[in-house]
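Just passing along the structure, written as structure tokens.
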Amino acid sequence: MAKIGLFVGSFDPLHNGHVDVLTRAATLFDTLIVGVADNPAKNALFTLDARIQQLTDTLAADNLRVVSFDSGKLTAKLADEMGATALVRSVRNAADLELEKRLAFYNRQLTGIETVILLAKPELEFVTSTHIKELARFHGDITPYVPAAIAQKMKEIYEN
Amino acid sequence: MAKIGLFVGSFDPLHNGHVDVLTRAATLFDTLIVGVADNPAKNALFTLDARIQQLTDTLAADNLRVVSFDSGKLTAKLADEMGATALVRSVRNAADLELEKRLAFYNRQLTGIETVILLAKPELEFVTSTHIKELARFHGDITPYVPAAIAQKMKEIYEN
Amino acid sequence: MAKIGLFVGSFDPLHNGHVDVLTRAATLFDTLIVGVADNPAKNALFTLDARIQQLTDTLAADNLRVVSFDSGKLTAKLADEMGATALVRSVRNAADLELEKRLAFYNRQLTGIETVILLAKPELEFVTSTHIKELARFHGDITPYVPAAIAQKMKEIYEN
Amino acid sequence: MAKIGLFVGSFDPLHNGHVDVLTRAATLFDTLIVGVADNPAKNALFTLDARIQQLTDTLAADNLRVVSFDSGKLTAKLADEMGATALVRSVRNAADLELEKRLAFYNRQLTGIETVILLAKPELEFVTSTHIKELARFHGDITPYVPAAIAQKMKEIYEN
Amino acid sequence: MAKIGLFVGSFDPLHNGHVDVLTRAATLFDTLIVGVADNPAKNALFTLDARIQQLTDTLAADNLRVVSFDSGKLTAKLADEMGATALVRSVRNAADLELEKRLAFYNRQLTGIETVILLAKPELEFVTSTHIKELARFHGDITPYVPAAIAQKMKEIYEN
Amino acid sequence: MAKIGLFVGSFDPLHNGHVDVLTRAATLFDTLIVGVADNPAKNALFTLDARIQQLTDTLAADNLRVVSFDSGKLTAKLADEMGATALVRSVRNAADLELEKRLAFYNRQLTGIETVILLAKPELEFVTSTHIKELARFHGDITPYVPAAIAQKMKEIYEN
């Protein structure tokens, strides 16, 4: 039976930490589905379509499938519909771990879905979408943290 | 390409936490190799052969392969020889996480091997071989923590 | 002198983690007072009266006294008025511990009141009112986490 | 029914952190039993009798009972024999908490005994028998951390 | 070359934890600059001018320079303009540490500025501006935590 | 008055994490004293003289002074004799922080000495002397973690 992983996120913006963990996760499964949250209530920097395009443009693995999902749906149910073998999550520190233990507990109880954790690389541990946006808002240099095309787009957005 | 996981341990004794995590890990890979440490210097409760037999007798998944390995060998090199896609590890708490971050860092640097973390179920979080042996030494009841046949064997050992 | 414990909370809803810790706490004191927060500003799922009734209906210990308290009052002062020997709190993890250390510090300084910590059982560690409400909102199954009558009431509320 | 707490330790030496937590614990129970570990294998600084005497001399609470216990016995079984309502433990930090969660889990499973945690006062958080002995060995000043009579005795011991 | 430290904060209100850490930090540098955040959007208890005056009145070290800064500016850039050798930060616990690791990472990448951590004294670990304001709002006694003049002013504010 | 930092360690072997933190620490003080532990009881890989030489050869900062010290002496007293303004320590994670809080507490109480913490860079967080020696013993590649000359020497040692 094909092994299918599901990694969900907002990817707003996609950053080098995402790229690293998705590239590594893709080696673990026959197919890795990347679910991009469609959350109209959250004021996203990039549109859903732009984020899907950025993922497709950036990621090289050929067993990736990028899909959108309604953020009002439980991840465990999404995994069920997709026939996923496991949810894939990235953990950086003890606070992340506590969150993931709770999410894994509820997701297992809901549909029996397994959760697989990858550890963020130390040098990417502090790279998060939230901090990158904050940095861009202050006109700090974000090029070490995001793919070049996205850095360029963000520069344009925050300069206006 | 076949996805192969490698889970190493001493399994001295095999306990319900092991059984749970190995059963779950087996669903994630085409083959899950269980490596049993051969460490003559460490005064093991059960012989290497007994531990291999206990794993084989207890685990139901049909894609498991139980092998012994020389504990004087780096796990990353063992994974390389076995053609493993990833090491599988179980994490219970923040202290475990720190250890696994360090191990994953060195293993990735040594051979590029990926590490995959499964989270221990909360109700099995405190079940470890060390505590079970301590409990048995004090003639406490270990039947809730280990497979029945192993509990029986340990009772015999510690009663003498 | 009678030993009196005080456990305060919102109990919105009362869940199995509460039931376990209150049952255990009741064995430690001559009387255990359960203080239910009356916080009109917070948009509670159940009314104050309903929550008091649910506690009374669910808990079997006969040395419990369920009272309401104004959430605009310092807990240490409530304990003082009630003649409590100690505040009772439940801790699950390191983040809880940090919070409780701070609360215990201020409460001791305010009135000298002692704080007693009980540890949540591992299998109930992730059961919180917040997550149960979130689960119910997504129409997930909450029956493993709350008393049956409350699960039924919540199902009715979230189905409308 | 009388509420009886049991606090066990080596008290080698008794220090101000012990005195604080025992004094506070004594207010919570009708009787607080202080169990002093008799562990001939461990090379103690003070004899069992000296440690019992020091506890009796130092502690003012009149509902304390100081007893020795064989350190080769499970604490949960000692509590059972003593008719204790609960074990009392002191916690300083996250590492302590992990240890206590595991101990409480096994003790509850062994005999159903409850564990009650008191939080060390911040200013006493770093005061441990191990560090006091290390300090004394280097001829550092230990008088801020232990009762005066014990500081005097330790000074004599380490000067020779 | 002169060694210059920069410590930034809101100091709303200045409390004994601040006073302790600033006094200790002043011994480490030829000059310690204390940057007071000017954040009109945040509804401060004391005006910027009042907070600067309180710092000047309270702190005895003669190598301190108190300045205001626009909270819309990155701290690393402020440090650059001021010719600071290092940012100085105070850490109490593991949660603080995670935050500081991330801040130090970004600040180093932005301008190469070094971050120096001082550890809060245990007995001041729970003293924060947020908790002092909460305590004052409930008419609790804040005199153990803030300089006398500030305690007096806060009492007047919250009594009205 | 000159600002003098003191950083003590075994440096057995000196690794890239040491080099980074010493280089950064040297910018904070007029003089940074590097104290190398002379501990004959501990079976060191390199002799005291070799370690001092390696530090001198590797570190470029011209305000460093490398000295040996008797590991049987309290660090706080060494700092006192050296006229140090502060002890400098490196912290990687929560476990390190707990240790440093305790050490800083005792050192401050012994002689009033201040402790200054630098945060290890994330990519060097797992580089420790213990792990490098373990890696070398297994004939793993240590060149990413230690200065080239030391890597060469260690290779020779462990090949024999």
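Order of writing sets the chain letters: A, B, C, D, E and F. Residues in each chain are counted from 1.
As a working rule, contacts are C-beta pairs under 8 Å (C-beta built on N, C-alpha and C of every residue); 3 or more make two chains touch, one makes a residue touch a chain.
Fair warning: this is a prediction, and the values are worked out from it, not measured in the lab.
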Set of chains adjacent to chain C and to chain D:
B, E
Touch-network distance, chain C to chain F, counted in steps
2
Is the contact between chain A and chain B built from the same residue numbers on each copy (over half shared) or from different ones (under half shared)?
same
Let me spell it out: compute each chain's centre from its C-alpha atoms, then which one is farthest from chain B's centre?
E
Between A-E and B-C, more C-beta pairs in contact link A-E
How many angstrom between the C-alpha centroids of chain F and chain D?
36
The distance between the C-alpha centres of chain D and chain E, rounded to whole Å, is 39
Among all residues of chain B, which ones touch two or more of the remaining chains?
93-95, 101, 105, 122, 126
Each pair of chains that touches is included here, namely A-B, A-C, A-E, A-F, B-C, B-D, B-F, C-D, C-E, D-E, D-F, E-F
Considering only the defined contacts, which chain B positions touch chain A in the complex?
3, 24, 27-30, 85-86, 91, 93-94, 97, 100-101, 104-105, 114-119, 122
So, in the complex, the side of chain C touching chain B is made of residues 94, 122-123, 125-126
Complex contact set, residues of chain A against chain E:
93-95, 126, 131, 135, 138, 140-141, 144
Which residues of chain B touch chain F in their complex?
72-74, 77, 94-95, 98, 101-102, 105-106, 109-110
